[in-house]
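In what follows, structures are represented as structure tokens.
You will see two complexes here that share subunit A, one where it goes with subunit B and one where it goes with subunit C.
Coming up: the complex of A and B.
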């Protein structure tokens, strides 16, 4: 059987998730043993329109990007959204909190705001433009989780991505709860799979992996009250990776 | 078996000796809390702790472990952890939990992985010197323990009373300097046991725990499950810190050759979304409230059925402290049911 062909494409992002793949170093050779990578701008110069698996990094922020993404989807049998920007829109969706994008551009780019390459539209996750078959959460992705997903697909198996909150892994690591140390940690509503890396190192969960499928917003409100905080304390933490996504907390 | 009185200085020397010759896991400070961890210095041991963040079950049932390695369509090889170790500072309620797990992991399908670690362990238990904020071991009858350990330590002030309970413990205790405990020392220990039987009770269960299965027999449709589950994150923190929760998930991970791989076992939790997901993507306990109820039934009905009536909550109080919305406390829930339904 011929080796499946993989192509990796980037859209609006910092390319840090691709960098996580590059950082796999010798493990990339193992990947190349079982699959042919036919296009990957960050790591090689070849290009191809023939691939089985398309890996998409970044969110979609311009009309022309939507067209490009649809073309890729048309070529690929399987499409994987790589990282927070692709999976949920990620930090790029912060922009969607504003109505006047011309104002936003002026604020960010100053005098250059009018240049044609800075045209911008409402940020979309990859799944808001084309069908996504699998997603690798995180900002950046976890290299181990990425390789697990790829191996599962090569075996014809559905990869199991946790649908439980970060607290599970945080407690398994033996951490005390950061809420008891005055941190507004998003762990209870954010998808695990990162090994609770941030809270295990003393930093609250920022929510980069996106919400679990069924987050309990009532519980979040209750906890906010119990800790003598107000809803804004929570919302300002949720805005970074959770802008314009469910669950939206209204007053 | 011997009962020795060991002066605190001599005890520290004894622990130092153990560390030099054996793998020792002992209770140590972790920030302003406590936890079991590899013990590198006798000075780090903190037998005055209130409660550890994690129960000691992780040394028998680790959060994640490789059960076996396999070849696709071919033979497999069990992976067993062979290292002997000493677990130092297990509180009575945690010892009771280990005793229950020992029974459960030998029932039905004998669990070689758990039991291998268990046989490799020498457990030095110790009576509680300082009650934690949420302990209710007195209510659950687990404030003192009489079996399971190899040595039991009791801090009686300037010295420890150390009682060997097994040949393994006897052998170990022989290395400690100390005379046979006299009547005065034993009296002090009796007093501490009597005190702990009453004082490890920050939450008080309104009935003898033996009645709990009867209470639950009438409680399946009680409104408390819905009420509490309204603010449940389904984060499984209560499961993860529980010394008697032992549910696990098993998954395979194939290597890059796509021919060999590992079968992994990880902790699971009945509160988690997807806990009851089975092929073909059917989930038979989908509602949050149903999962919330299941945990309380498991502690006081389902597991007791497998353990001759023993209640599978040992009153460590860890779930109470770990639950952000403060809905996990089993005593609050059981007392509410007792109030509403009686114990008859």
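Coming up: the complex of A and C.
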């Protein structure tokens, strides 16, 4: 039986999620035993329009990128969104909070803001342009979760991504709650699967894996009240990876 | 030196982090165009408070 063909493409992102794949090193070799990588600009020179699985990194910020993404979708049987930028739009969606993009560009790029290569449109997650079959959460992704998802697909199984909050893994690690240390941690409403890496190292969860399904925002508000913190504090912390996404917190 | 035209157009240089193109046009040994292009999609993330 012919090995499935995989192609990896990048759009607007820092390409750190691809680096996580490169950093798998020996594990990549075992993946290559069961699949052929036919295009992956960050790691190889070859190109191909014939692939079964397309892995997309980055968000979509230009019209020409939408067209490119649609062409890729047309070639692939399965499409995987890789990392926060592809899955939710990620940090790139911050600019969608502003109506005047020219002002945003001036703020970010200064005098170069008017250059033609800095043309930009509303940021979209990959799933807002084409159908996404599976997603690897995180900023950056976790290499082991990536290999688990790809292996599952190659074996014909549906990968199971946790649908419970980071707090579950954080408690299992025996960590004291960072809310007790005045940190506005997003653990109660963000999808687990990272092993609560950030709070386990003393830094609040800042939501890179996106919201769990049906996040309990009311419980998060209760926590805020219990610790005498401000609702605006929580909303501000949700902007980095949660811009223009559910859940919206109303007063 | 032979009379010949060389056009090199590397669209998205491979094996680097970040997007770069290399364009080189030369005729009879004389470089007419040499560009290093950065066609990366802008992120323009903007400020966060």
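The criterion applied here is as follows: the second predicted complex is superposed on the first by the 251 of 251 C-alpha atoms of A that agree within 3 Å, B and C clash if a C-alpha of one lies under 4 Å from a C-alpha of the other, contacts with A are read in each partner's own complex, and residues count from 1 in each chain.
By definition in this document, a residue touches a chain if its C-beta (ideal position, glycine included) is under 8 Å from a C-beta of that chain, and two chains touch if they have at least 3 such contacts.
No experiment lies behind these values; they were computed from the predicted model shown.
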### Task
Figure out whether A:5 sits in contact with subunit B (first) or subunit C (second), or with both, or with neither.
neither
### Touching partner for A:160 - first (subunit B), second (subunit C), both, neither
first
### Task
Report for A:33: first if it touches subunit B alone, second if subunit C alone, otherwise both or neither.
first
### Message
Looking at A:168 after the superposition, I want to know if it touches subunit B, subunit C, both of them or none. Which is it: first, second, both, neither?
### Response
first
### Message
Contacts for A:45 in the overlay, against subunit B (first) and subunit C (second): which applies, first, second, both or neither?
### Response
second
### Task
Applying the touch criterion given at the start, work out whether A:191 contacts subunit B, subunit C, both or neither, answering first, second, both or neither.
neither
### Message
Let me test your reading of the model: by the given contact rule, A:105 touches which partner, first (subunit B), second (subunit C), both or neither?
### Response
second
### Task
Look at A:176 in the shared chain and tell me whether it touches subunit B only, subunit C only, both, or neither; answer first, second, both or neither.
first
### Summary
Within their complex, subunit C touches subunit A through residues 12, 14-19, 38-49
### Task
Using the touch rule from the top, collect the residues of subunit B that touch subunit A in their complex.
30-31, 33, 35, 53-54, 58, 63-64, 230-237, 240-241, 251, 253-258, 267, 269, 272-274, 288, 322, 324-326
### Query
Hey, which residues of subunit A end up touching subunit B in the complex?
27, 30-31, 33-34, 147-148, 151-152, 154-155, 160, 163-165, 167-168, 171-177, 179, 187-189, 212-216, 218-220, 222-223, 226
## Note on the structure
Listed in rising order, subunit A residues that touch subunit C in their complex are 10-13, 15, 18-19, 41-45, 58, 60-62, 65, 91-92, 94-95, 97-98, 101, 104-105, 107-109, 117-120, 236, 239-240
